[in-house]
Amino acid sequence: MRELKLAVIGAGSTYSPEIFEGIINRRDMLNVKRVSLMDIDERKLNIVGGLIKRMLSAGNIGAEVELTTDLDRALDGADYVIAQIRVGRLPARVLDERIPLKYGLIGQETTGIGGFFKALRTIPQILNVAKRMEVLCPDAVLINFSNPSGLVAEAVQNNSSITMTGLCNLPINMITDMKKHVGQDADVTYFGLNHLAWITSVRKDGKELMPELLETYETEDIPKKFYRLCGGFPCGYLQYYYTRRHKLEELTEKAKNKTRGEECMEIEEQLLELYSDASLYVKPEQLSKRGGALYSEAAVSLLNAIENKLPEFHVINVRNNGALPWMADDDVVETKVLVQGKKFIPIPVRGFENDHIKELMRTVKAYEKHAARAALTGDREEALRALMIHPLIGDGDAAEACFDEMLNAHKAYLPQFFA
Amino acid sequence: MRELKLAVIGAGSTYSPEIFEGIINRRDMLNVKRVSLMDIDERKLNIVGGLIKRMLSAGNIGAEVELTTDLDRALDGADYVIAQIRVGRLPARVLDERIPLKYGLIGQETTGIGGFFKALRTIPQILNVAKRMEVLCPDAVLINFSNPSGLVAEAVQNNSSITMTGLCNLPINMITDMKKHVGQDADVTYFGLNHLAWITSVRKDGKELMPELLETYETEDIPKKFYRLCGGFPCGYLQYYYTRRHKLEELTEKAKNKTRGEECMEIEEQLLELYSDASLYVKPEQLSKRGGALYSEAAVSLLNAIENKLPEFHVINVRNNGALPWMADDDVVETKVLVQGKKFIPIPVRGFENDHIKELMRTVKAYEKHAARAALTGDREEALRALMIHPLIGDGDAAEACFDEMLNAHKAYLPQFFA
Amino acid sequence: MRELKLAVIGAGSTYSPEIFEGIINRRDMLNVKRVSLMDIDERKLNIVGGLIKRMLSAGNIGAEVELTTDLDRALDGADYVIAQIRVGRLPARVLDERIPLKYGLIGQETTGIGGFFKALRTIPQILNVAKRMEVLCPDAVLINFSNPSGLVAEAVQNNSSITMTGLCNLPINMITDMKKHVGQDADVTYFGLNHLAWITSVRKDGKELMPELLETYETEDIPKKFYRLCGGFPCGYLQYYYTRRHKLEELTEKAKNKTRGEECMEIEEQLLELYSDASLYVKPEQLSKRGGALYSEAAVSLLNAIENKLPEFHVINVRNNGALPWMADDDVVETKVLVQGKKFIPIPVRGFENDHIKELMRTVKAYEKHAARAALTGDREEALRALMIHPLIGDGDAAEACFDEMLNAHKAYLPQFFA
Amino acid sequence: MRELKLAVIGAGSTYSPEIFEGIINRRDMLNVKRVSLMDIDERKLNIVGGLIKRMLSAGNIGAEVELTTDLDRALDGADYVIAQIRVGRLPARVLDERIPLKYGLIGQETTGIGGFFKALRTIPQILNVAKRMEVLCPDAVLINFSNPSGLVAEAVQNNSSITMTGLCNLPINMITDMKKHVGQDADVTYFGLNHLAWITSVRKDGKELMPELLETYETEDIPKKFYRLCGGFPCGYLQYYYTRRHKLEELTEKAKNKTRGEECMEIEEQLLELYSDASLYVKPEQLSKRGGALYSEAAVSLLNAIENKLPEFHVINVRNNGALPWMADDDVVETKVLVQGKKFIPIPVRGFENDHIKELMRTVKAYEKHAARAALTGDREEALRALMIHPLIGDGDAAEACFDEMLNAHKAYLPQFFA
């Protein structure tokens, strides 16, 4: 077994312990010898880093663990880099949630104009990680789950030579739920863009179960009547598209009290307090409240497949390369790949005919292309072009006014727009 | 010169005199010997038909003119068929304008859910005209300007062997205005879908004038800031997309008094009164108030180019066949064609890069494909699928509720949904 | 373990014992309960069938073995069908080898006009097997290695609903040889059409070894100078394309004595004599002289992967479906697939740039499309169209004259041309 | 009328008088004020230039005529540049005709390995003309009929910003002959690559005449049985593909006496003697013997359409840009364009289904791409790659040996291979 160095960027995240739970569970297959935990928030880094050290020790992983605020130091010689940063932390998220509501627009962390600003803040940072990796550990793999994960992957995979993949816990959760329902041996097809994806086929024993499932199966968040529109099961984030007004009212009502970001701030503080307890050496139960189930599981199981050359299928964000024939080759899509060491081979989908899904994917991808360019160049025109294509915006006056207020609010994290 | 029979379907329209003004102006090139005016509204047919007879007589066109309510009789042996019908007449239009407003949706004759219902009513009727032509005059050309003209062309060109084209006065008006500004020898590129189109290039003496025009030229209806988004000049109907909320407020306010359809009802009655005057033998000035400038001019000049094999360029609705490479071959688009007798050769556009325009065209075309299928099959699911793709709808609950109310309101004209 | 019925069509072939050697070697994974050996040549069937019975018995496979001349009886209820027929037997092959030489054309069993006539004779028969399977065992898998294997797969996969694959021993042999040279952990890319394929990439530890191998590695049959032309290693059959004249002289010289088909007739008789020996209960060594090393190994290991849902890679003949982007989706190509039960997922190749290989594949595929149609319809024009596209023919006069002589010679096996 | 400067590169060609006959015939539409005749062969330049001066004077064209051996001087300020050079003159052609025969290969001026060497010699020279035009007359149009015209256009159009078109007299001759047969109002579709093209459709009064013409019409050079293979009428050069052996024998026989090149040397001397006659002031009848009917007519009528913005159709060599959907956008093809000033819009062909033609075009285009690269880089490997794709070669040993002999024979004109 090769000796590995693992770097976690944004390691102060309260999600980090899950990663190391995954590492511990796979100790027979992954020989982690060095861990570098990097964050710019020293307080959180020390608290979370302390717990991780205790976990690894209790798990009999004899790895050297380093805590650092220096990105280059963390990346130097790494074999795998896991990134989970939040530029501007939760207060920036709360702005993404609150400001759009004033303009009658969906205010959400990863979708719509909220997710757009998160992308503007995050893309330059993750691309910077990739660019430093090109120098310091060019053969390492970057596994990113900083949101918006698909848009970040779109920008990085088309602008860096590093092997990079964008991960999300949504696919694994939806597929797992479906398999609980129909059986573990079912073949579940799931694809789309990150946070804009669908289960489109469920086959078992050579038979397509979808027509039957459309009548009998139910997912969270999405009213049943939309299943037939899609000929499949939309992921939860599609509720913002299918029932926009209802969601807008709901978010507006909720914001009178606390947005989700504000709730997360409280949960985070509670978690940090728990993590500070020197007698704790396992991931605490309460983390599950924070959301993100199976997030780290997805990351570590992918890392394991890459490292041990297991020919496994994973759903990740990857350049399309002809797999979904209605998308361009360089469009990053969320779809099933076969892992072949460091190569991810997207499995071609053929004979798929739902225009609704194809057009929604193409339209949102066109938005993403503009958004990625805007994030990299700081070009205001390009930003407005992105927003005008986005199906959740659809009004130039509101887009422009909201954009200007948010740009100003996030000024400190968007230097590219003020050069 | 070949002797021609011309059939006008929906001849009771107050627009009809313009067609014959065009015929009279081209009497040296078009040898019209028989005219069949067909309408199901006998009152209007008699009034308008009377005026047309006087016009032709005053214009020294020795054609035999027939008034009929029988479609087959009108089509039999025709060389050209001009269709300009309005199923359910103006009262149906008023429903298309008023009902959507209740659901926070744009209520407009040709765009959004209003145009959708107009399509559901109109497509089966025009397709029926084409099917009867296949029997009664298979070599004749069908020139349609019944709205929504692009959607009707989409349905008919993909479902009948008749040579058919969809016309609109928007392209000719926008191009004419631009040429007034920059000079008649300019090469103006205009394309899109009907009522969703742009001037994308203006070349003169080998030089692209667009960058300069974006700063100096102005069109009606669309705020200047949207020009740069498009890299060109959007047609007026795009204001419903770019400033949706403002338009929604404007329409809602206007509907407190009269919708445009209600105004048109008054104008129409005034025109019919004028037309009834037996001493009138030219198209009266007041028709210009009704809108539709150059509509008939476009139709008759196209007819003339076809008949006399003039190698002219016209902007019409035609199957794409590779001209706009981001659209499918069988997508009907509105673009410049070279007329070659009865063949329309769409002129290829290459090197065009504005994603906003490409994606909006593709998305609305996906809507149109579903809408055309819904119109032909009466399938409620297909109708909802169409609406969910439309960028002006974007909310499943509103779409469904509004659809159900409108379906009921238009029941008499939508038998395909009640079979 | 599921109980299996295995049908072998053309079981009198002297290759058949190898299949059962493979079955015996995998007795722990494949629970074969019934074997149906079908042939129209009762003498060979009895000799070969006798040996197979003794082999299975010695191998402790308690399967019921049936010998039959009735296709339907063999197929009824089968789980796997292996086809290895030779329509017209070896005498027809000798005609394919001898007649073309008279016209200055390559006379070879699977390539050029010889392979073309073999396809005309074989395709209707294998398609008939597939059509009977649709009725008698619709869920069974058809593994064909009757030559020309790629052309037969082209015809059957596009004309039957049966899961069918075409196999050849060339890929497995070339890949095995290469791995012996560079190491078992190398990733060898091999693709093309059957008998028109290349090793195009050899990667190890993330590094492309091809530039180095082009200088140092040698394959049989193909002069070294052609490697650089291809940027890879051509399969042996490409010598007919690269050194056509030399091969033509060689074949002409050889035909003065015996063609390969005539040699095979002798070898076959020797083998049948050996097989008749009631004391023989293993595959005799002498079979290796017949050629076709690893043929049955390829077939049985594929069968095993399908049955036991092993996620293995195999190189087989399969519909392209976007894997090789320069070929059409419905072109059957020979390329690496991932076996997923009864589904074969061709692994996409991207970034491949050798025009020589692309064009040769496309040209020969165009020939194959015409050839398959000619085989199914018996249309002489279509047959000549096929030959005119074939790069080994290239002369209309010779093509036509040779076609007519061969058509007449094979008349008994080509009823479709004499209807 | 704009005052024009016309430059003829290779003006010593005995074809040049035809160009000026065309100019004289269009004196009312083309205001030629300056003519620059450039050649490196001063003797021929003086003889031909003398005749041209007398012709222009007799034709009342008051243009200033300059004779020069300086390319830059000729190009400076030109509006149109006509190129008709022959690098290595007729003796090089004779080598292209004779050497290949030794290797059993077709020896022909523009096709096969002969045309390949002509391309290697000519492409760098014409590209140099284009590059100098970029500096000295960037808005001028380059009309080239130096052979191989299609291959030269392929190289120049993809490597220079100059508006350039490749012309040939074959299309105009075949279309003219066909129209003589079926009527001037027929719509004749002709496309392919230069010297590899077909009439594929002849429509009149809305009816396709091809099925009937295939039985009744005959073209020169190509045996009738090949028409049905093509579903159309091949141009004469396709005889080298369809009846290669017959042509090879014919050329071999002819070469025992004189090749066509050697005949042309004699004709040329006779013409020069005629041209030297100071009393001659019209193009002499004898020029027609030299072949190339309508060559200059095609060039001057195209020049006239460009200059006077006539919306005419011409068949020229132009980048495909989607017109023939089976070819790539940057493939230069020979097809019908609409002339729009300096823009040539290739008219899309849809619904064309003959695989034979598609594959032959694609294969020869792949050859051309390699050949153009070889001509520009002098890379021997690239040259051999080109030859191995060419359907008229098809044997690696012969290709290599013949290539080496010809490379040596043409050494003086192929410096790029000896750098």
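Each chain gets a letter, A, B, C and D, in the order it is written, and its residues are counted from 1.
We adopt the following convention: a residue touches a chain if its C-beta (ideal position, glycine included) is under 8 Å from a C-beta of that chain, and two chains touch if they have at least 3 such contacts.
All values derive from a computational prediction rather than experimental measurement.
Student: Would you pick out the chains that touch chain C and also touch chain D?
Tutor: none
Student: List the centre-to-centre spacing of chain A and chain B in whole Å, with centres computed as mean CA coordinates.
Tutor: A distance of 46 Å separates the two centres.
Student: Express in whole angstrom the distance between the two chain centres, defined as the mean CA positions of chain B and chain C.
Tutor: That pair's centroid distance is 59 Å.
Student: Between chain B and chain D, tell me the centre distance in angstrom, where each centre is the average of that chain's C-alpha atoms.
Tutor: Centre separation, chain B to chain D: 47 Å.
Student: Going by the touch rule set out above, which residues of chain D reach two or more other chains?
Tutor: Nothing qualifies.
Student: Check the chains against each other and report every pair that touches.
Tutor: Result for touching pairs of chains: A-B, A-C, B-D, C-D.
Student: Going by the contact rule set out above, which residues of chain C touch chain A in the complex?
Tutor: That would be residues 139, 187, 206, 311, 321-323, 325, 329, 338, 340-342, 345-348, 350 of chain C.
Student: Give every residue of chain C touching chain D within the complex, in rising order.
Tutor: Residue positions touching the partner: 104, 223, 225-226, 228-229, 241-246, 355-356, 358-360, 362-363, 366, 369-370, 381, 384-385, 388-389, 391-392, 394-398, 400.
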